[in-house]
Amino acid sequence: MSGAAYPVGVSARDVAHERAPVRSSEPAGAYQHLVVAAPAIAALARPGQFVAATVGGATSGMLLRRSFSIHAVDPDAGTVEVVVAAHAAGTTWITERRIDDVLDLVGPLGQAFPLPDGGGAAVLVGGGYGSAPLFWLAQVLRQRGVHVEIVLGAASADRLFGVALAAEVADAVDVTTDDGSAGTRGWVSDVLPEVLARSGATDVYACGPMAMLRAVTEAASAAGAAAHVAVEEAMACGVGVCMTCVMPVIGADGRTRMVRACLDGPVFDGDRVRWDAFGDGLCRVPDDAVGAPQAGGH
Amino acid sequence: MVDLSTTLAGATLPNPLMTASGCAANGKELHRFFDISRLGAFVTKTVMPAPRSGRGTPRMAETPSGMLNSIGLQGPGIDAFADEDLPWLASVGARVLASIAGGTPDEFAQVATRLLSSPAAASVSGIEVNISCPNVASRGLVFAIDPLASAAVIAAVRAAVPAHLPVFAKLSPDVTDLVTIASACLGAGADGLTLINTTLGMAIDLDRMRPHLGGITGGLSGPAIRPIAVRAIWQVRAAMFAERIPTAPIIGVGGVASGRDALELAAAGASAIQVGTATFNDPEAPVRVLDELAGLLDERGYAAFADVVAAAHPERRRQ
Amino acid sequence: MVDLSTTLAGATLPNPLMTASGCAANGKELHRFFDISRLGAFVTKTVMPAPRSGRGTPRMAETPSGMLNSIGLQGPGIDAFADEDLPWLASVGARVLASIAGGTPDEFAQVATRLLSSPAAASVSGIEVNISCPNVASRGLVFAIDPLASAAVIAAVRAAVPAHLPVFAKLSPDVTDLVTIASACLGAGADGLTLINTTLGMAIDLDRMRPHLGGITGGLSGPAIRPIAVRAIWQVRAAMFAERIPTAPIIGVGGVASGRDALELAAAGASAIQVGTATFNDPEAPVRVLDELAGLLDERGYAAFADVVAAAHPERRRQ
Amino acid sequence: MSGAAYPVGVSARDVAHERAPVRSSEPAGAYQHLVVAAPAIAALARPGQFVAATVGGATSGMLLRRSFSIHAVDPDAGTVEVVVAAHAAGTTWITERRIDDVLDLVGPLGQAFPLPDGGGAAVLVGGGYGSAPLFWLAQVLRQRGVHVEIVLGAASADRLFGVALAAEVADAVDVTTDDGSAGTRGWVSDVLPEVLARSGATDVYACGPMAMLRAVTEAASAAGAAAHVAVEEAMACGVGVCMTCVMPVIGADGRTRMVRACLDGPVFDGDRVRWDAFGDGLCRVPDDAVGAPQAGGH
């Protein structure tokens, strides 16, 4: 196996396809923290973007790429970092990779978090491994003079990611767990109103489960802040060609369309997302969406 | 150098590799990864008369060496396609095989007519008539399960399209007798056939104990179905050799992920090869497959791609 | 402890797991790996009136997450089966679902009659009528592509078999309208259905540029086709809920390799589950799947396997 | 990964199913020589039997087992050895396994080489990696007082396996290569008549490609010796349940049947095999085989 990362295909201005050797892989609570050599991706990425990896190796029965938020990049070292939860067979395979094993990566993909011009305050909210992209974002924001507070939530202490890191990169950190095994017992949305009030944040950045993103959006709206949420929709390609990752989002013209989370997202303005369409693990097409099946029709 | 060119009912393409409809959007996304004008043709996402939202989600489930989708023909509608997408494709020099659909034979014809009124109509190398999408609310709308319905659609499109532009009927493998459907399409004026669309499948969400897909059933694609595609191409090509149906070019599609796979479909009888689901695994798959195919032909001493088309048929070897 | 028993048209089995016909020979080979009486039933290799050599080789090709076979129903013939294989199965305490076939409805009936004249006839829990083997020289012999031919075979077998013994029709997914075939079989007296047999596929030998299989086309099996099996079971079970066809038990088969897969077929509507190709990967697969299924049901708090049968159908949840 | 071999399923009297950790894997010319821990198989195996391994790991798209002759066993150490040629994806995966990676093995499978009561002379003929099971056989034969000569043939020197080993375990060794890069230029069948004549062998044991086995059978017959040939037919299951590995063999009753190479073979008496049915990579059903399609019929 080659020790050096090398490009697989054409590397266009804003996206690359690289074979990325694993440089390190360490457990981090319930997750695995991987550092891989992917210089082209490292050079292009911005916080909020993601990478998509093939799984299972050359003889794999799993065709589709798995998406992961970029946790950190080091353009000088040419490395990219991701935090992976072993959910099912594909992610388990990734967490089992050893040093020098190679990941086939496409990235950076999707829209990054929008950055304010400077100053002010922002609150960053991460659920479980959803916190992965926030620390890098915090650093970028603070470089712009933004006061940054981080709220981390998870089901239990082992499913929190980056509590120590948060203390390094943010001005204040709040932690919640469903079972009270760390921080405040409860959800991030329980503490968020207070954090928003005390920080006077104008922007809230969030990444985590859909239900959390919806609650964060509501709390932000109530506090008069803008919510920038990074969603996690099931994706087959990650690059905008399959139309599997769509969700109803209100456009600039006020009309709802089924847009691709991989291309137009994963970061959306929270108040543009049609949260009413989500429920019970499904997302309906709202009746008023462009091209929706005619009501009463067939 | 192997001559990779292929001729499809009068349209000569520099090479036989194509995207598959619905697996490459309308070009811009893949053009970030490779120059789409390198392809023999770019096959567009099936376009319908009006904008369509498609189905709710989940729209996909991964399956062993395959996937299910229930996109439901999401698209911008033919006006936006003809005014925006097609001109962009023309601007980068792509040859376009335009995939169209409608709810009735008339709608198909309207879409074709409107398509050809585009300022970029000259970039259209052919029309692929999708009569076989399983992701429609009623299986009754899958024209390709019935010879008469198939023929009605093809005849309407053929009448709306100038003679020099080839019309391909895209068929479903989910029928008792594929040759009869192929025969009906060719009889109604199709210049060629695209084989195969996805085969109908389903997955269950075991946590919620309900169908996994928003659309309940979905189309199965990927390497898992390649043996079905090879069989379908073989059966129809064999019927042509046996003179049970007129000889016409076949565009092969289904599970192609490598140059070997492309060669397999060609040897079964395909004059051009589309790469669909494999693109989700590797965004450069269509051109990678092209390069691998060229390498294989070269290694094996073939002078031209045309020499391997249907080469596994005994009738061809006897020629 | 979960109650794993299942009732198939009167025949109660201790659990729903079975071998699949042709994937377990006639028992002795697998009995080296596990006690085959642990299975709900042992399904025998389809037996025909006379000894049959089957096809030449190669008879198989591996495909992505699947395989093709063109065995061609090799077997010892019903006399040897009834006199030797069945008594051996009875001697180890196996419950037998006997798979039979013939060239005409009469031959099917003769095989059934001869089977039941075996000294070990008491070990037969049911008869699976294989009208869907794709590996016969003429596709015309695949009765299961035609409702009338299917009904003729089933009626002949039903007439030859005592009423207490359930008769299952094993169907092919390679038809335009599976529900119509299912309906014809149930109308002709089938007590239940086995869904699905292999789907027709093909592979090319690229070194020799000819069909890879001796039989040219072959049957595609394995996890690759599981989504097709789930869909077939779902469609037929949905037609039963909709009262378009009479309600009858379905035996599910196609691509099952794990307890989760078995649960998926059950949730789609199967009252029993056969494990075929997965046995080639793991000779203990049928009992491993049984143990995994029992574990999953237990974890999820089900009291009985019967509770998950068709559980993904909204009609069932409303009950 | 567990360091110890452990059984997966029931281990019947004569066959076992084990998860076998790789103990060593070394290149040997064009092949890879693997030693794995599989004590139950090691305890049961006899020369000429084979093992069948799954390939590609837990997420593999390749379902079918790959078969390999058992090269050697050490019942005390609980190890089994195989020699693997990287033919296509499955065998390549096996040759890439590293120490402690686990192979899922079923074995020992099939009929072993029949052994003479003792004394006399035997010639062992191996083509390419087909020689793998012969060295162990040579040792067993010599323990019975049999004079053993080995003939090894291959396309080229790098595709010979075990030339040095042959010298250790046999009384005489002949080598042929198609290109003359080692030993005599030509085929094993070119030198075999002379070896048979000089050794006075009553039994010939052979393993290699079909064409070679046929030629060996003919040479043995000409010399009045019995040929015991281990065939290599494409196998899907290896355990006798799929009927894919059949070939036409004449039974004790003089009638030809399509018998399973995995169960009734891989070792057959060369003069029982219907060589006339093989050709051009296919094997026909002879017209006179039991249950053959009726001539002129359909």
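Letters A, B, C and D mark the chains as written, and numbering starts fresh at 1 in each.
We adopt the following convention: a contact is a pair of C-beta atoms (placed from the backbone, for glycine too) under 8 Å apart; a residue touches a chain by one contact, two chains touch by 3 or more.
What you are looking at is a predicted structure, and each value in this text was computed from that prediction instead of being measured.
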Pair exhibiting more inter-chain C-beta contacts, B-D or C-D: C-D
Rounded Å distance, chain B centre to chain D centre (Cα mean): 46
Whole-Å gap between the CA centroids of chain C and chain D: 35
Gap in Å, rounded to a whole number, between the CA centres of chain D and chain A: 54
Centroid distance [mean C-alpha coordinates] between chain C and chain B, Å: 34
Set of chain C residues in contact with two or more other chains: 64-66, 205, 222-223
Shared interface positions of chain D, touching two or more other chains: 61-62
Category of the chain touch graph - line, ring, star, complete, other: complete
Interfacial residue positions of chain D with respect to chain C in the complex: 8-10, 12-15, 17, 54, 61-65, 104, 106, 233-234, 236-237, 239-247, 257-258, 263, 277, 280-285, 289-293, 298
Contact set on chain A toward chain C in their complex: 61
In the complex with chain D, residue positions of chain B that touch it: 64-65, 223
Of all residues in chain D, those that touch chain A in their complex: 55-62, 89-90, 93
Residues of chain C defined as touching chain D within the complex: 22-25, 29-30, 32-35, 45, 50-60, 62, 64-67, 69, 71, 74-75, 77, 137-138, 205, 208, 214, 222-223, 277-284, 288
